[in-house]
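Order of writing sets the chain letters: A, B, C and D. Residues in each chain are counted from 1.
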Amino acid sequence: MAHKWGMAVDLDLCTGCGACVTACHAENNIPTVGPEQAARGRAMHWLRVERYWEGDFPDVRLKFRPVMCQQCDAAPCEPVCPTYASHHTAEGLNAQVYNRCIGTRYCANACPYNVRFFDFFNPQWPKPLHLQLNPDVSVREVGVMEKCTFCVQRINAASIDAKAEKRELKDGDIKPACVQSCSARAMAFGDLNDPESEVSRLSRSPRGGTLLEDLGTLPKVTYLERQTQV
Amino acid sequence: MSAVYALYADPESAQRAVNGLQAAGLSHAEIVVMSGEPFEEQPFAQQDKATWLWYIACAGGLIGMIFSTWLTRMTELAWPLQTGNMPIVAWWPNLIVIFELTMLGAILATVITLFITAKLPRRTPAFYDPEVTNGKILVGVENPSAASVPALERALMAGGAAELKRR
Amino acid sequence: MDRRNFIKLTAITGTSATLASCGNPEHQLIRFVPDEDLVPGVAEWKPSVCPMCAAGCGINVRVMEADVETTRSGQAGVVKMAVAKKLEGNAKDAISRGGLCARGQASIQITYHPDRLTHPLKRTGARGTGAFKEITWDEAIGELTGQLDALAASRDQKSLAFLTRPHRGRRTALAGEFLKAFGAPAPIAYELFADDVLRRANGISFGHEQLPTIDFARSRFAISFGADFLGTWNSPVAQSVSYAAMRQGRPGVRGGFVQVESRMSLTGASADEWVPVKPGTEGVLALGLAHVILANKLRPADAGRAGAAIDGWSSGLPDYTPARVEQLTGVTAKTIERLARTLVEQQPAVAFVAGPPLAQTNGLFHALAVNALNQLLGNVGQPGGTGFTAGSTKDEGRSLKSDTLASAKALLLDGANPVYDAPKAWKVRDSLAAIPFIASFGSFIDDTSAHADLILPDHSFLESWVDSAPESGSMDAVPTSAGPVMKPLYQTRATPDVLIEVAAKLKTPVALPWKTAEDVAKSAPAAASAQSAISNLQSALKYVAPAFDGEASQYPFYFLPYASLQFGDGSSAHLPWLQEMPDPLTSAMWSSWVEINPQTAERLQLAQGDLVDITSSQGTLRAPVMLFPGIAPDMVAMPVGQGHDTFTRYASGRGANPIAILAPATEPETGTLAWAATRVKITRAGDGDGRLIMFGGEMREHPHEHETR
Amino acid sequence: MSAASSNKLTADLLRPLLETSWRFYALVVFLAGIVLMGLGTWAYQMFNGFGVTGINNPIFWAFYITNFVFWIGISHAGTLISAILRLVNAGWRRPVTRCAEVITAFALMIGALFPIIHLGRPWLFFWLMPYPSSRLIWPNFRSPLVWDFFAITTYLTGSVLFLVLPMIPDFALVRDHTTGLRGRIYGALALGWQGTPKQWHRLESAMSIMAIAIIPVAVSVHTIVSFDFSMAPVPMWHSTMFGPYFVAGAIFSGIAGLIIAMAALRKFLHIEAYLHPVHFQNLGKLLLMMSLLWGYFVFAERLTIWYGNGSAEIAVLRVTQKGSFAPLYWTMVVVNFVIPVSILSIRKLRTITGCVIASCGVLVGMWLERFLIVVPSLGHKYLPYSWGVYRPRPVEIMITISTFAAMALLYVLFSKFVPIISIWEMKVGEQETHETALQRTSRVLGELHP
């Protein structure tokens, strides 16, 4: 059966430390836009840790929620793209084909999660910072949309290795950069079509739910609600 | 070419001329009328009214509809990518494209037919008189047989022509 | 399709479906990408150690081939070499267990930083102007040995000072040996957020002058007094791993966690219950809890050395009744009663302290008080309690005081940056100006090394031998060392090699037990000295109110400078990834800010981003306002890390440095800086000018839920 | 009609073509200058990247899309209006139709330019077109942007033909009244028109068919423009009433544009004799009706959102009506509703000046309306952490201004080279008595339902 890649994020474990954010930059050649552009709202973080305050001092709480592309099964971003740059792959990913993108930015508007980012300029890496670039991930040029890919390069690498070793992919073979970096193990990635996989198990948790469920976008990222001590 | 014609200031006298020519035994296909504006009321303006334009327009629309239906379906199947959980051939959106191309078909068909039936465009005609656009109405006959010319002239004059011209 | 082609493909389409796309029109795209844009390669993973803090996380480095413009033996050109691509926690490492924090992830940019020093430098202009000229290594080493010989000639070896950061493992040991043999005093180790008070307290309470390793994984309840153990304190990665195990690692058991502090830290955000207290009274709350436990005989009263260190312990802490504790701390007696009972019911439970409480003039008291409570809970050295990692070393070193550098005639700088992170009142700048010769081994020109006469740039950690002997974080941590993962990019040299070479080249050569940096890294640490170190207290401590610099009437706000998640004490402010990483609690990027409680801000008519002047008895700085619901109304806080005068293109002149206005108050027992003991006043300085850059929009999920439509 | 009056009419309406004052050249140079600056700015934007504009994450659409909707809206001035007037054969339409249809053609061209200006990689805009390419890529017909492509193509083709066909007899007229090169050019444009009854009949039936075809197309065009928004699950975009709401708004702004254009022509071409106050009176009434209709739509939309109280929608509603966009929002309400209604509903005030004042307000207001549809919603989507603010930068402002200049320039040039009032239709109008008008109307309506 075809794979259906999904993720589960346990908000009871997420400490908001932001390691995943930096790991994502390191893995996916996400440019640093610098203070001037950041001030204009052009900072790119495929994965962001949303924080929301609740209540007022002294009864104040803070809530973290890492938000990356939810890889929706009914993704609003896909049909609006006139050139099929944004489309659904056989393994259920929202693919973004940079070469095919002409930059209408319609997908970004249609995305209720605001997880798509636009290259306002050609990215700059003052030498020798460019030596860090990950050759498995294409560098995006000015005028195209980019977004979280669930580290598709890692998915493909693992599939190839498995093929080379003439075996099936095992649960845990694939770890996107964010999942890999998380010290608190708040994130799990795997095949939702495999009922035994950790991600499937977590997705079935009574604490589980998806973001903006009512919009009917069928996200493949499950958030496990934070618990409170009783 | 040669032609004999006269210019009239008002439709009534032009009509009289036309009647005269018909009395002289010319079929109205042989009688040439030109005016700077349409004169709905006069009988001479009523000729050649019948037209297939309406049906041709509908036919054009139909062609547009068939083409667009084929185009949308064909391309979606030629490039079968899933988007947003929609079917590969998604009729709702396709209907919009189909509607637009249907209308386009109708419009183009109309205009093309107009040009063909009105014999447009063509070179500036040999048989013409600029006075037509000054409100004069031209009535005449193209390539009359030399013998018939005097008879025609009489018929035209009977209409009360301002001036009689020959070339 | 083989790996190479696959990488080509992903490099091109940057999406999945490339594999699936055999037979799919998508592969048609390939011919539209010029070949030179493709960098195929195969990855190799090499072990190393993260240099960003003392935790010593073991990491794996992804190494791939790349074309590098470099200079080899004077010849500039492009060479193919294996370069580091990504750092990841090493799953087999006892500390990181595969995880790695944001700073660790970003540390790769140290190696590739565009402003990294590529060759030795000699000062040409006036000190601090940053005017240097390129010199060869022979010249550089000649210069250094010359200066040292001069000292030796004038029988003045003791006026050679070596300034470094604490816990740099074998590197410090080498420096120590070198200095001892040369006849100079031990290295000076300085770090703003050092935990000397806690080490001392642990020495007194438990006989281990060392940071504790907390076994969250097997604990059912944790109470933290100001310790930001998930963010910046001690060994955040190891502690996060273990914390996660406490929360969700055991079926049916979810460990509880209470955070006691006055400004919500990243850690506080994860607590089940967040208990704000008046600054400098945390220890009182701990003893209040102990009082309830003792009074109700919930646990055997004996708390050994730890209890003995607290005045009135044997008599059941009569001075710390819930009522009185409520007065002092602001925590209600009911809460105290409840927490005390929870601590006893939810066994094993653990209590620990770190951060701001210990940076008060009465810091040691807080540490001892919490230690005593912890001992009373009975889990010291037990599963689910605190333990002390074996095999860690204690630096034989001095700590920096306002006068330490006064006598120095020559100074060797190795990593420390006191010009930035010591209070102005210590006049570090002036003492540097008075030192005839300053050499730095740093890879960057920072606030301090800008005053150097000679710079002998070290390799980056990825280019050199590294070692670690974790002081805490995991009970099964063992000293490790690892070799370079890539060849040096520039004309730099490993500082240990430089020291060894200098030692040999001196007129009266200095004998060192090592031949190369490799030997140094591989050599075994001196027998675990931490355990043996037992310090004693003259008399049991009682609570004395913390002394704050500045009259409450004139300076109405407590001022809390805190270690920033991205920059720690500022040493990683030069890394663009960290500058642009949104601060988890505020979403700020590229900025510094002052956190103010919204009610206070409303009272002072301050809006988000407005500029304010923050004035202490020591001076004034200007920063934009950050509305922060998680801070006491009578307190303002600023992250440490920005406000460097000189620290590469990314950090120079960016933001403000809170340390600059700290009063030079110290904790009397250890003499370390009490960096939380300053009071300030706030005056509006103008509207926002865009210097506060934020990634996030609204700070609440339902901004208007309580307003009518 | 008498040859005399016919000649007077011809002379008056040909004067602009035959006589040229220095003012004309000055105006053309001035406008062309602005247009060139606009093109330069666009080149600058393409060269440096989109970052030179003010758009950001999450506000990915702003001025350019606002202008797109605005100009497409203006384009509803002509063809739709003149088509309706033709069908009901309102006698007073004759001097108005061509001015109106010209607006349509040019506004469409300008409007259609904006989706290209706003592309991140404009040089690839042709990927929107369906053609068999070597990349084997076809456009995605599920995307409203592709619907736009087809709708605008159809509408543009239709409107241009609708404009050009009745111009042929007038070209013939100019041909007969000019000599030399000019004569030859107009001769070519006249396509050898003679004015035989057959040609007249074909022309008129073609016009009737076009009129019938163009109306649903015009409606569909602005409906599809509204789909660009309502297809996306964005708060206050995802609305079923957007289609009619946009069409009404488009006609509203279209009429306003037409009134202003007509007033300008009347003044500068001295054709007061042919554009009478009654024309403005009537258009003013239309404008009044549309203003009321617009107000009704806005009320219906706002009330539904307000009452429904969906958290995301309410956030947008709040920021537009109470928040940072409130000044723009209330300005829009005043100039789109309060002012037009109060001026136009009073007969005394429904003068040329009155109509022009109201129309200027409406143009401003309708631009603001589109801006307030696009930006606040994008800035306040579902997750408040990702909310953002938008500030325009000189680039998009310059490009916006230059398109208004472009419109004026095209209009000036057109009225220079083509009789802006259809001369032959005027003649028909003058010869036509009241009764025949009635007969004709019934006949045309008869053609509608054969």
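Going forward, a contact is a pair of C-beta atoms (placed from the backbone, for glycine too) under 8 Å apart; a residue touches a chain by one contact, two chains touch by 3 or more.
These numbers were taken from a predicted model, which means no experiment stands behind them.
Chemist: Using the mean of all protein Cα atoms as the middle point, what chain has its own Cα mean nearest that point?
Modeler: A
Chemist: Which chain has its C-alpha centre farthest away from the C-alpha centre of chain D?
Modeler: C
Chemist: State the pair of chains with the top count of C-beta pairs in contact.
Modeler: Ranked by C-beta contact count, first place goes to A-C.
Chemist: Suppose each chain is reduced to the average of its Cα coordinates; what separation in Å results between chain A and chain C?
Modeler: 29
Chemist: Once you find the CA centre of chain A and the CA centre of chain D, what distance in Å lies between them?
Modeler: Centres of chain A and chain D (C-alpha means) sit 43 Å apart.
Chemist: In whole angstrom, how far does the Cα centroid of chain A sit from the Cα centroid of chain B?
Modeler: Roughly 64 Å, centre to centre.
Chemist: In chain A, which residues are in touch with two or more of the other chains?
Modeler: Answer for chain A, listing residues that touch two or more other chains: 43, 48, 50-52, 76, 79-81, 84, 89, 100.
Chemist: Please set out, as single numbers or ranges, the residues of chain D touching at least two other chains.
Modeler: Residues 136-137, 139-140, 142-143, 146, 384-386, 388 of chain D each touch two or more of the other chains.
Chemist: Using the touch rule from the top of the page, what residues of chain C touch 2 or more other chains?
Modeler: 25, 29, 32, 587, 696, 700-701
Chemist: How is the touch graph of the chains shaped: line, ring, star, complete or other?
Modeler: Topology of the interface graph: other, matching no listed pattern.
Chemist: Looking at the whole structure, which two-chain pairs count as touching?
Modeler: Result for touching pairs of chains: A-B, A-C, A-D, B-D, C-D.
Chemist: Under the touch definition given earlier, write down the residues of chain B that touch chain D in their complex.
Modeler: On the chain B side, the touching residues are 9, 32-41, 44-49, 51, 53-54, 57, 71-72, 75-76, 78-79, 81, 83-84, 86, 90, 93-94, 96-97, 99-101, 103-104, 106-108, 110-111, 113-115, 117-125, 128, 130, 132-136.
Chemist: Okay, in this complex, where on chain A does chain D touch?
Modeler: It is residues 37, 40-44, 48, 50-52, 67, 76, 79-84, 100-106, 108-110, 112-114, 117-122, 142-145, 211-212, 215, 217 of chain A that touch chain D.
Chemist: Please give the residue numbers of chain A that touch chain B in the complex, ascending.
Modeler: Interface residues on chain A, with respect to chain B: 73-81, 84, 86-89, 218.
Chemist: What residues on chain C touch chain A, complex-wise?
Modeler: 1, 3, 6-7, 10-20, 26, 29, 32-33, 38-41, 64, 66, 68-69, 83-89, 96-102, 104-106, 108-109, 112-114, 230-231, 236-238, 240-241, 243-244, 247-248, 254, 256-257, 264, 266-270, 272-274, 276, 489, 565-566, 576-582, 584-585, 587, 589-590, 597-599, 629-633, 654, 690, 693, 695-696, 699-701
Chemist: Once bound in the complex, which stretches of chain A touch chain C?
Modeler: The touching residues are 10, 12-13, 15-19, 21-23, 25-27, 32-35, 38-39, 43, 45, 48-58, 60-64, 89-91, 93, 95-100, 126-138, 140, 149, 152-153, 155-157, 159-160, 177, 180-186, 227-229.
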